[in-house]
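First the structure, which I've put down as structure tokens, then a few questions once you've had a look.
Labels run A, B, C and D following the written order; every chain starts at residue 1.
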Amino acid sequence: MLVVMHLNASQQNIDAVAKAIESMGLQAHPLPGSTRTAIGITGNITAVDPNRLASMEGVLELVRVTRPYKLAGREMHPDNTVVKTPQTTVGGGNFTLIAGPCSVESEGLTVEIAEFLKSEGVHLLRAGAFKPRTSPYSFQGMGREGLEILKKVRAKTGIGIVTELMDTEEAEAVEDAADIIQIGTRNMQNYALLRRVGKMKKPVLLKRGMSATLEEWLMAAEYILAGGNRQVMLCERGVRTFNDHSRNTLDLSVVPPLQATSHLPVLIDPSHGTGKRAYVPPMALASLAAGADGLLLEIHPNPDKAASDGLQTIDFATFTKLRKTLGQLSPVLGKKLS
Amino acid sequence: MLVVMHLNASQQNIDAVAKAIESMGLQAHPLPGSTRTAIGITGNITAVDPNRLASMEGVLELVRVTRPYKLAGREMHPDNTVVKTPQTTVGGGNFTLIAGPCSVESEGLTVEIAEFLKSEGVHLLRAGAFKPRTSPYSFQGMGREGLEILKKVRAKTGIGIVTELMDTEEAEAVEDAADIIQIGTRNMQNYALLRRVGKMKKPVLLKRGMSATLEEWLMAAEYILAGGNRQVMLCERGVRTFNDHSRNTLDLSVVPPLQATSHLPVLIDPSHGTGKRAYVPPMALASLAAGADGLLLEIHPNPDKAASDGLQTIDFATFTKLRKTLGQLSPVLGKKLS
Amino acid sequence: MLVVMHLNASQQNIDAVAKAIESMGLQAHPLPGSTRTAIGITGNITAVDPNRLASMEGVLELVRVTRPYKLAGREMHPDNTVVKTPQTTVGGGNFTLIAGPCSVESEGLTVEIAEFLKSEGVHLLRAGAFKPRTSPYSFQGMGREGLEILKKVRAKTGIGIVTELMDTEEAEAVEDAADIIQIGTRNMQNYALLRRVGKMKKPVLLKRGMSATLEEWLMAAEYILAGGNRQVMLCERGVRTFNDHSRNTLDLSVVPPLQATSHLPVLIDPSHGTGKRAYVPPMALASLAAGADGLLLEIHPNPDKAASDGLQTIDFATFTKLRKTLGQLSPVLGKKLS
Amino acid sequence: MLVVMHLNASQQNIDAVAKAIESMGLQAHPLPGSTRTAIGITGNITAVDPNRLASMEGVLELVRVTRPYKLAGREMHPDNTVVKTPQTTVGGGNFTLIAGPCSVESEGLTVEIAEFLKSEGVHLLRAGAFKPRTSPYSFQGMGREGLEILKKVRAKTGIGIVTELMDTEEAEAVEDAADIIQIGTRNMQNYALLRRVGKMKKPVLLKRGMSATLEEWLMAAEYILAGGNRQVMLCERGVRTFNDHSRNTLDLSVVPPLQATSHLPVLIDPSHGTGKRAYVPPMALASLAAGADGLLLEIHPNPDKAASDGLQTIDFATFTKLRKTLGQLSPVLGKKLS
């Protein structure tokens, strides 16, 4: 922590701040500069509340130096986290594809998609039973019936299940059905939910909030990690900006700083991130090139008839072609497509 | 709904789209322009999914004409909603002050603040028992013990209680303690929570999400209204922008369009909206002038010792002075301070 | 300047950074904390380039403590700047109205508006001869002919002229016609232009760039001030955000921090800031309440027939009513309407 | 153009709007829907100003259907633009590298960099003689002396020159020195400058404004194209968002929609876009994968000693390694590295 003093702060002001710092059990280190004085603070700053320094006479601002994330940050955990499900591994040099329909519509359709994915070498199916919809009048997902379908699909095909948990009341049912539990964008700071999945034994895929900073995102992950669940993946899915060319702005630029700051695997969802199926393949390829650890993709045998999100859903042929190109690029980029 | 055709769309393309529209039981109205054709659609558009039109050959884009909010919008409900609690009325020409500490800290302190507010003619106390905190290591509120304190404070002083609900599991306990239930910024699109308060009998104060558009905000209110609870207030508390001069950008510019679009009362929270106590009074005055229906303010007898949010909390003397100025401005602006 | 070291930085890393600092002629002050070391730097930091410190081993980041604006900031210039034109004074407790048509359309119309404004006690007319238009096919203003009209209007009515300079090649002609030279949003960082008006003898009204931070805005003002022209006013006119309810987001929240940071007068343009005439009066009143020093308003006797920006232009009757309310609020807020 | 009527608009309102449309020489097509009426307009809409419709009784909003860009859009110009300089070709299946120091510092250094680039097969050198700097106290570039150096470097090495024009007064000097004239971010809507380069015979590289929408960017290009210069390239260099992890947010997501909308080549500047040299290579690779036509890169033999922008500048070894990987990826993506 650094206390930056006003240009015109008096020596009396400086002394009073230093004294206040010491009365908190910390050490004050005045650093007189050519135009102003700053006061460095050493000691266990997290144990005290420096708020009252900010309102002292002559203080311009407080500058924080510590990082609030301990478990999600790379400084204390330099090695990359590798997430394991019974079917596959995320991170550790893999580029993992997770694909499927926006929502579970029927057992037959879900099996069809799962079998297509298996034939393509994909191990994880994403499909929503509970759907967060902007309108109360839109299809809200099949709910628990959808979870039952997902369990049957896994039993039949052996594919792993990625599905969203929206409410603590459904926590046990979703944990039972899923191999990876997804926390959606709108719930990134639903702390009751984060605390609940922090106690689970299954991996969590945490989507970025629509206007979450890197720090807020890692602090949401910190809630899960601090609860004891260390199997956390992060997923970028488009952020809110002024742009008018797509529903959201897929922020691939977050990948390198995220990997510099955190050891958690980073996946990209170009379907939600672009909102338009034609833009999914180029952004999927760019995700791999930017260094991400995998993709979430919406696919459907007939996107125009999908129960939700059809505009951003690709068909089987597009998926096959995209996967082939990803497979050609992966070795150049030091990744193993899985 | 309007289907805008590509400049080079052929007559065959146009006919195919028109045929597709009619196969949905709707009417197609081609509008040939000087450079391109658009096709108007009439009929009950909400009953069908126009997605497949978007991917037809020659189609440039779909333009939506209907508004997705029915109950929150002013078109079908031209009269302003007036919200009533046992203690006071929000809307209907009142400018309502809601004030209190960020979090319940102790019974004694909460009573002290409640009595100060009563002496100032304020009827509603805001105080959090459950606190949404960015860090899992920060004070998370007193929880149910805090709710018990709030009930005692109401019993002792007669002041109305505004407090936040964060999780469906606490719904009954919070409904029991509160006169107005607050849904916080991070939960604006927590649909399980919105559905739950939609079934309650007490008014709801719905804070705007950090990057929520006006439409998304009204659609979140629509969830509550559609559940049967028509006592909904909206509260602007700062949005996420590129600005570096404050933690959030208090968006007073939303007030006039919100009031043009919706009949729900609009309150402003300049404490969270600015994040700095010195900026609270000018923005509070500007809120009144912009046409808002009231304020949420964080006050504390000793802000520097507040358990949370001290930097944005004003003291009693500042509140008294601010309230006096609001009282002088109100009649000029056609509002009654309460 | 503070150099924040990585958590795992070695003593060798720290020593190397300290040595590098000293080799620049500065002093290094290592501050060992509970988790990491930071190194304070004292001495004349502006004379050196600390870039190479950022890439040294063990360095996490550099934290700047100095403020880059010297002349625009309040620290070295605590007294408010008061701007004088032959007709009136901006700042110093005045709330100054500047109004007029978006663009000069004809001498007759401009005289009509000027005379209306004079009758309302307004001393400054805004009207564009050179218009920055998004489309090359839109009306670009009357150019030098428009400047000639403005000079005649001033001669006839005595009203002061506020008009925009867009290009250094027109600098002399605009300086000759104007009492206040406006630099528009899109030119806030047109440094050639800023340097040019920095050498002028007439006051400059500097509009905020569409996504300019407070610091960038003050640094643009610094260009003008550093050139020798100290008569600078700032004008907020809406910034670019994700909002869908208006063309721009009028950022009144910048007023208190701007006044805390700078001594320059702050005006608000609610016409461009909202883009819709019905929203202009409430945001104009809110500007006064937020502490601004004045307004720029677009008015026209028949807004629907204005040559540009008609949707955001108010008529004479609306202006008269608005001015009356501003007049009633001003004394309560310690301002003198002019 | 579509006029959307209010839900409660009367038949009289609808008739009045239709009559107003017809009085403008256009045709009105009322489209009664299940909840509201919309009125389609056909005829030459660009010739009239529909503003007055917006303020008519019963009108909710106007929806524009036409696109304002004629020359920059792909609808009227389906074939991709290919830009030619004496040294190379941009677009047409090439992935073009443009690299060099942020600013011209000396002839020796610039020759050294140019020769390195030539040895790497790069045909275009970027280097600034006039530098737009946020602070008036920072190094502003070598100016005309820098242009002289660039001319000598071209004469000696044969490399093409890309350099920025900031002011119409320097137009001839820059045109003389450059093979491609760069218009910087801060000048994207400097219309005097755009008009000037619209009359030049040399290609223009137009950087995106910090908060420019796709439409605004294309309209800026339209100014140049409408002036007669059809050799225009677009360059994304990071936009302004709420993100805290880098100075700007490099918006790769704009590439696919830009290429769908416009025929102009799209280049990416990951140096300015990330602001940090470690993030440049992954974002450069992602640019290629996203479908861009080339890169602008800042390189320097000793980035820590660069006169400006050192933090985002890569060294020769990093460039060589990056170019090798780009070369391996290009054929898979159907591009030819040049």
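By definition in this document, a residue touches a chain if its C-beta (ideal position, glycine included) is under 8 Å from a C-beta of that chain, and two chains touch if they have at least 3 such contacts.
As the structure is a prediction and not an experimental result, all values here were calculated from the model.
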Pair sharing more residue contacts (C-beta pairs) when B-C is set against A-B: B-C
Duplicate of the A-C contact set - from B-D, A-D or C-D, the pair where over half of the pairs recur: B-D
Computed distance of Cα centres, chain D from chain B, in Å: 38
Centre-to-centre distance between chain B and chain A (centres being mean Cα positions), rounded to whole Å: 26
Whole-Å gap separating chain B and chain C, where each centre is the average of the chain's CA atoms: 31
Chain C residues counted as touching two or more neighbouring chains: 46, 211, 240-242
In the complex with chain C, residue positions of chain B that touch it: 211, 213-215, 238-239, 241-246, 249-258, 260-261, 273-274, 276, 278-279, 282-283, 285-291, 325, 328-329, 332-333
Residue ranges of chain C in contact with chain D within the complex: 46, 49, 51-52, 54-55, 68, 132-137, 140, 166-169, 186-193, 195, 209-211, 216, 219, 222-223, 226-227, 240, 277, 303-306, 310-311
Of all residues in chain B, those that touch chain D in their complex: 2, 4, 6-8, 29, 31-36, 38, 40-46, 63, 65-66, 75-76, 78, 211, 240-242
